[in-house]
Amino acid sequence: MKEYKKETRINKKKIFNDPVLGFISISDELIFDLIEHPYFQRLRRISQTGLSYYVYPGATHTRFLHALGCMQLMHITLRSLKEKGVYISKDEERASKIAILLHDIGHGPFSHALESTIINGIHHEKISLTLMKLLNEEFNGKLSLAIDIFLDKYPRNFFHQLISSQIDLDRLDYLRRDSFFTGVSEGNVNSERIITMMNVIDDELVIDAKGIYSIEKYLTSRIFMYWQVYFHKTSVTAEFYLIEALKRAKKLFYKGQELPTTPTLQYFLTKTDFSDLKNEDLYQFSHLDDSDIISALQLWQYHDDKILRILSKSIIQRKLPVSLIMPKPLTNNVIEKLLIETEKIYNIKKGNYFIHQNKLNILPYNSTKDPIKLLLKSGKVIDLEKMNNQVFIKGLSKDIIKYHICVPREIGGFIQRFL
Amino acid sequence: MKEYKKETRINKKKIFNDPVLGFISISDELIFDLIEHPYFQRLRRISQTGLSYYVYPGATHTRFLHALGCMQLMHITLRSLKEKGVYISKDEERASKIAILLHDIGHGPFSHALESTIINGIHHEKISLTLMKLLNEEFNGKLSLAIDIFLDKYPRNFFHQLISSQIDLDRLDYLRRDSFFTGVSEGNVNSERIITMMNVIDDELVIDAKGIYSIEKYLTSRIFMYWQVYFHKTSVTAEFYLIEALKRAKKLFYKGQELPTTPTLQYFLTKTDFSDLKNEDLYQFSHLDDSDIISALQLWQYHDDKILRILSKSIIQRKLPVSLIMPKPLTNNVIEKLLIETEKIYNIKKGNYFIHQNKLNILPYNSTKDPIKLLLKSGKVIDLEKMNNQVFIKGLSKDIIKYHICVPREIGGFIQRFL
Amino acid sequence: MKEYKKETRINKKKIFNDPVLGFISISDELIFDLIEHPYFQRLRRISQTGLSYYVYPGATHTRFLHALGCMQLMHITLRSLKEKGVYISKDEERASKIAILLHDIGHGPFSHALESTIINGIHHEKISLTLMKLLNEEFNGKLSLAIDIFLDKYPRNFFHQLISSQIDLDRLDYLRRDSFFTGVSEGNVNSERIITMMNVIDDELVIDAKGIYSIEKYLTSRIFMYWQVYFHKTSVTAEFYLIEALKRAKKLFYKGQELPTTPTLQYFLTKTDFSDLKNEDLYQFSHLDDSDIISALQLWQYHDDKILRILSKSIIQRKLPVSLIMPKPLTNNVIEKLLIETEKIYNIKKGNYFIHQNKLNILPYNSTKDPIKLLLKSGKVIDLEKMNNQVFIKGLSKDIIKYHICVPREIGGFIQRFL
Amino acid sequence: MKEYKKETRINKKKIFNDPVLGFISISDELIFDLIEHPYFQRLRRISQTGLSYYVYPGATHTRFLHALGCMQLMHITLRSLKEKGVYISKDEERASKIAILLHDIGHGPFSHALESTIINGIHHEKISLTLMKLLNEEFNGKLSLAIDIFLDKYPRNFFHQLISSQIDLDRLDYLRRDSFFTGVSEGNVNSERIITMMNVIDDELVIDAKGIYSIEKYLTSRIFMYWQVYFHKTSVTAEFYLIEALKRAKKLFYKGQELPTTPTLQYFLTKTDFSDLKNEDLYQFSHLDDSDIISALQLWQYHDDKILRILSKSIIQRKLPVSLIMPKPLTNNVIEKLLIETEKIYNIKKGNYFIHQNKLNILPYNSTKDPIKLLLKSGKVIDLEKMNNQVFIKGLSKDIIKYHICVPREIGGFIQRFL
């Protein structure tokens, strides 16, 4: 059968059709192989915005698509920079594309939601890095430069800044993408416009001063996305219940109870110490996705443990508690009363599985740490907030803080008393 | 705690934000309750276009959103018809909205893909109807008119035609929606434009003759969606592998082997006779969704059975076979050879788990059965294809037929010989 | 020929296709007749954004389309309010549509630019009102209610508020429309979203509190449109030259010189007192449009008068002066020097035809005069800036002030000295 | 004043904001100068789609913007081809951009409408070429290569094919642009998608075979634009009246009557022989735009000549005749009767100023002359219609023919008799 060997060689060119950015071409074989790798394919089964699809039913898009989008924005950015005369080598181009493609590869199920629950206290960036190193071994060191850029060890800073800064391509992709899939038009960002305005001076990323309003628009859009999507009271609530359900499951396992679940999820619910990520941990992790969680919750709806049952049913059937966003937190005293009411209603001892108050905090723009730099027509570079004709920046350079509370539907009215 | 009873009453008004159609308001309490019902919430976990997200990574949208979209189009259509003087009662309006909201409630995991595999030989419409009847009992007969419209038993035909005909709201929603999420712009349909042109004469649905080009555009878009999405060679291939994996799992269960899976999926893999849908069947069905399939495939990647293992791994890791769309089918003789090669390569006896040829057939427009009716300025009603200034219709009134073949990657080159 | 009399009756239904809002249906005969009227058809030849198409070449859209758009937004708004239970009579509906349709009918060529130049000191609203009164006579008093609403004499305030307030439909249309045609995506406003949030309490317009971010987005978009379009330095400069050219032409006529021009424009350049608008004034006005100005400037490029010649050529050939937006004004002393340089260069005595400094002022939101009202879930109505979860409003309640200067290209470099 | 000489140097970089294609950067000084040239600036005052804004009020866009759009598509296309390895020199790039930028520079007022009326029998392409040659002199021969490409004298054919062929960038721009501004969504073309699929084999333009559906979509969209926009009965009618008005004006001048008009227009209405374009002709032509026509029609509304008066008023006030699109032409006999009726009604002798029947003909795809070439995966190049999986092409390879008639409103009913 030698005669067709040649043809079976897989064509490593590929074009993705992204409803947000249009065609995304893969023309590099290494990048093609990374995308094909099971570690990366797993991102197809990780929701980009956690349980936000409970609020915005269109938001079922995945980390997989976001990662491709980031890489495409990198492609467009580097092309634009090269047209402006910035020298970028083939190796740098490939490495920066790989770095942004893989920057989220360590995200677990439901992205941020379960970050610290499933793998005790390990941040997803650490897992990303560990997986990138594993891939680097597998691909004979071809990812070394990408890892350096990812870790901000490469001397030409702008590559890292494109991946992680106050105006990085990660944000430019996810704000626009999440706006597209949620339908929250207030959050739409014209990423191409900003990219057109990017330039490099002394290996630092700068934005052409005439793009000032695009940046202001981007910063205001980001705030709108936070309050309308990422900090939407129902998203925050659903996420809280998800975390509590998994905590409860862990506790039950710890107590020696049997819980129906996939073996992969069971691995993570029964192991407690991940302080140094072992290969087995990563192997298991690479098989874990949203469907493990969903199918477990499906089953736990009928479990003997009342707390687990209520939590699971609330999520699966989308019967979520009442929640509120408030300018000030409720006092401990009030929280105590709410706990007591909850415990009465459910006839349980641990009301704190169901009552949750947390602080929501966003700093729209940090003018002190790594500020955005503008390039004036004169060639001078200045900090964003020193620009004459800015309108919003100064107002955006301080924290916006609000509080979220959720309580069981059955005592939903009760909370009104304290507001 | 009486004092807050009043406030805990759930507000049954709701607004969904649909990225395709914008805001969708629910102002009817019954409809609100139906949407909240677990039967309907399950649709949140059923992919609208099966495994098409393997080709178009944005296409992760669900049956849930499509069902809401259909209802919204019904809302817009009825509002427009009322403005044109068509009498529509409140009961008819509610019933037709409910009928289209629930028309797909019987879809199993991955929508069409597994229709006849999981529940042997039962069409999803039958399950939809059975679930609607169950809901009708639960809601004290309030769905009776909706069911009549769904079954085309209601004398005012246009209500049923809006749900099921050659230019129904179901198609107007899914073509546009699938175009939006896949990024296949060729398939985009201006549904509002067509709806604006709808009218009712003698209780039959007609389209204003000046909308002729919108209809032609709609028919051409539909064809583009078929060849670029629904019949895309990779979608068809992935679907075939999915079906074969589940068939294999059924066989293994039948033979008495143990397979890791969720209890819900196990129920369907081990039961064979669904000829009369029992309540238990429906109860189990209402818990079955895409995550059961995905988490099972995840596990089966490492199963002892080679066939199941290869199929599952191919899907999960997206290492799909080579496939082709052809104008003519391969001969049985060639298929036979391909089977032999496959069996050799995999060292198995049942190559037909991996080799698949099928006919893809689409009739763009059926001019003989229930043709689309046009309303001329003179008040006369004529069949679409009799319209003077149509351009494409005549060419569209015959079947387009192609053939699909897929073979394992390892013998991908082999197939070239026979083309 | 009696036999075809019947058919020649004009069909007074009409559908416009608006690229921004989609189909706009006219189903009222009176409105149809008003749109057909030469006064209204004239708006087809009046640019919506003056000479902004010199900066944004797509912005060639007209007052005609904007007026239709406003009427369509009124249609959508009233439909939405009626669905929410607000009673609106057929007469009120028609009158409020007419009022907004005609609110800009008094705009002269290039909209705002020439407002006080061509018709000395008469504001376009006064002309609008006078034309509406003339139409009211012609249509036997059928516009009386529309005029009352326009003049804020009708007791149900919300109708007037929809036409003129801090969140009126006029702004909702033009911001979105100007954003669409200029391509300035920062200015895009989701007008439907805001309209969906509108309600009426005690005959006053209120916005549902959950629409808070849409309002904030609208206010920020408005600022972006001001700085990027309406106050764009080149738009402001081109407008200044246009005004100066017409002033110069008036002066030359006054001195008894002959100027080539259309008779209509000549009427306005030679008459000086419009303090009470005469019928002849209005008759002439109804024939005046952008083409009178453009064809006059074309001819004046070759006129003997140097000042007129330079100004006209600058506009027609788009060789505009150098301009700047500054945080602070130049001192009189500097302006004086610039004048002297200009007079030297051009060898003329009146440099002030070419040098221009003006103040650009925008109050994003006026929290003291007629504030936007929000409707809380509790039914309470509060002022926008008292809302807990607002982010930008407070920062937007004060004037933003900048200064614009333009000087001839030949001394463009000179201005740098003083900055 | 030497000290600021340096700064007054005009910055020849420029970015246009196109609502259709986004940012268009000009980075070449020669191209900048050509755009600044009065010949090119004149296109700002030439409507792209003639009087189609009488049907689609948003369609006020200009030749200027279309020309920039074409150049931008050329930029994107060449960039894409270079990424695919096609060698393109800097000179070729500049020349092909200039060629497409200037290809329509010879369009007179209202684009196609008045082509053969104002300048007797001279096609706009001839004027384009003559103007390009004049510019070539002015710019010292720097346009020679551009002119060669424009005239198809350059051996690398694909450059000319990108400017003029069955799938040229001119069409890709205007179909999409006209769809955008008219709101006729059926005509929208995904130009970037098709460009991505373009390649060059042996200096001939080919399209990647996987783009087959994009091409089919493009061809169907083109037909939709023809029937909905370019051949819309009201556009055709308005254009006819415009032509007749100018013909009548010419006749009156010829008879020695005085007509109010701009000197520029008068030049063209009184001169009859343009067989060899003189410099004075071109000088005058470069001052002629839509405003000359509009301001003349404004004045002619009140002229003594009844025919001119009726025609002018019909256009300015948009009181257009009744018109129809028909599958077959009316017989000469019927036309004769319509003429008699018209002459009776208007009490004139030349009814043919008001009665018009013409043939509308479109060949969607010419499969015999310069067919579109497809590039198969195998490297083979075949004609479009020989492609296996095409759906519509064969049906599109023949003429579609219809007929248009318009008659005065007063006898509009009369025409019904003969249909």
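The letters A, B, C and D name the chains in turn, as written, and every chain counts its residues from 1.
One rule holds for everything that comes next: a contact is a pair of C-beta atoms (placed from the backbone, for glycine too) under 8 Å apart; a residue touches a chain by one contact, two chains touch by 3 or more.
Owing to the predicted nature of the structure, the values given are computational and were not obtained by experimental measurement.
Peer 1: More than half overlap in residue numbers between the two sides of the subunit A-subunit B interface, or less? Answer same or different.
Peer 2: Mostly same residues: over half of the interface numbers shared.
Peer 1: Just how far, in Å, is the C-alpha centre of subunit C from the one of subunit B?
Peer 2: Going by mean C-alpha positions, subunit B sits 49 Å from subunit C.
Peer 1: State, to the nearest whole Å, the distance from the C-alpha centre of subunit C to the C-alpha centre of subunit D.
Peer 2: It comes to 31 Å between the two C-alpha centres.
Peer 1: Please tell me the distance, in whole Å, between the geometric centres of subunit B and subunit D computed from their C-alpha atoms.
Peer 2: Measuring from centre to centre gives 44 Å for this pair.
Peer 1: Indicate the residues of subunit D shared as contacts by at least two other chains.
Peer 2: 22, 193 - these are the residues of subunit D that touch more than one other chain.
Peer 1: Take each protein chain as a node, join two nodes whenever their chains touch, and name the resulting shape: line, ring, star, complete or other.
Peer 2: complete
Peer 1: Mind pulling up the subunit A residues that touch subunit D in the complex?
Peer 2: 15, 22-23, 25, 27, 79, 192-193, 196
Peer 1: Using the touch definition from the top, list the residues of subunit B that touch subunit A in their complex.
Peer 2: Touching subunit A: residues 1, 3-8, 10, 16-20, 22, 36, 38, 41, 44-45, 53-54, 56-58, 60-62, 64-65, 68, 180-184, 260, 262-264, 287, 289-292, 294-295, 298-299, 316-319, 322, 341, 409-414, 416-417 of subunit B.
Peer 1: Hey, which residues of subunit B end up touching subunit D in the complex?
Peer 2: These residues of subunit B touch subunit D: 185-186, 188, 190, 193, 213-214, 216-217, 220, 223-224, 227-228, 325-327, 388-389, 391-392, 395, 400, 402.
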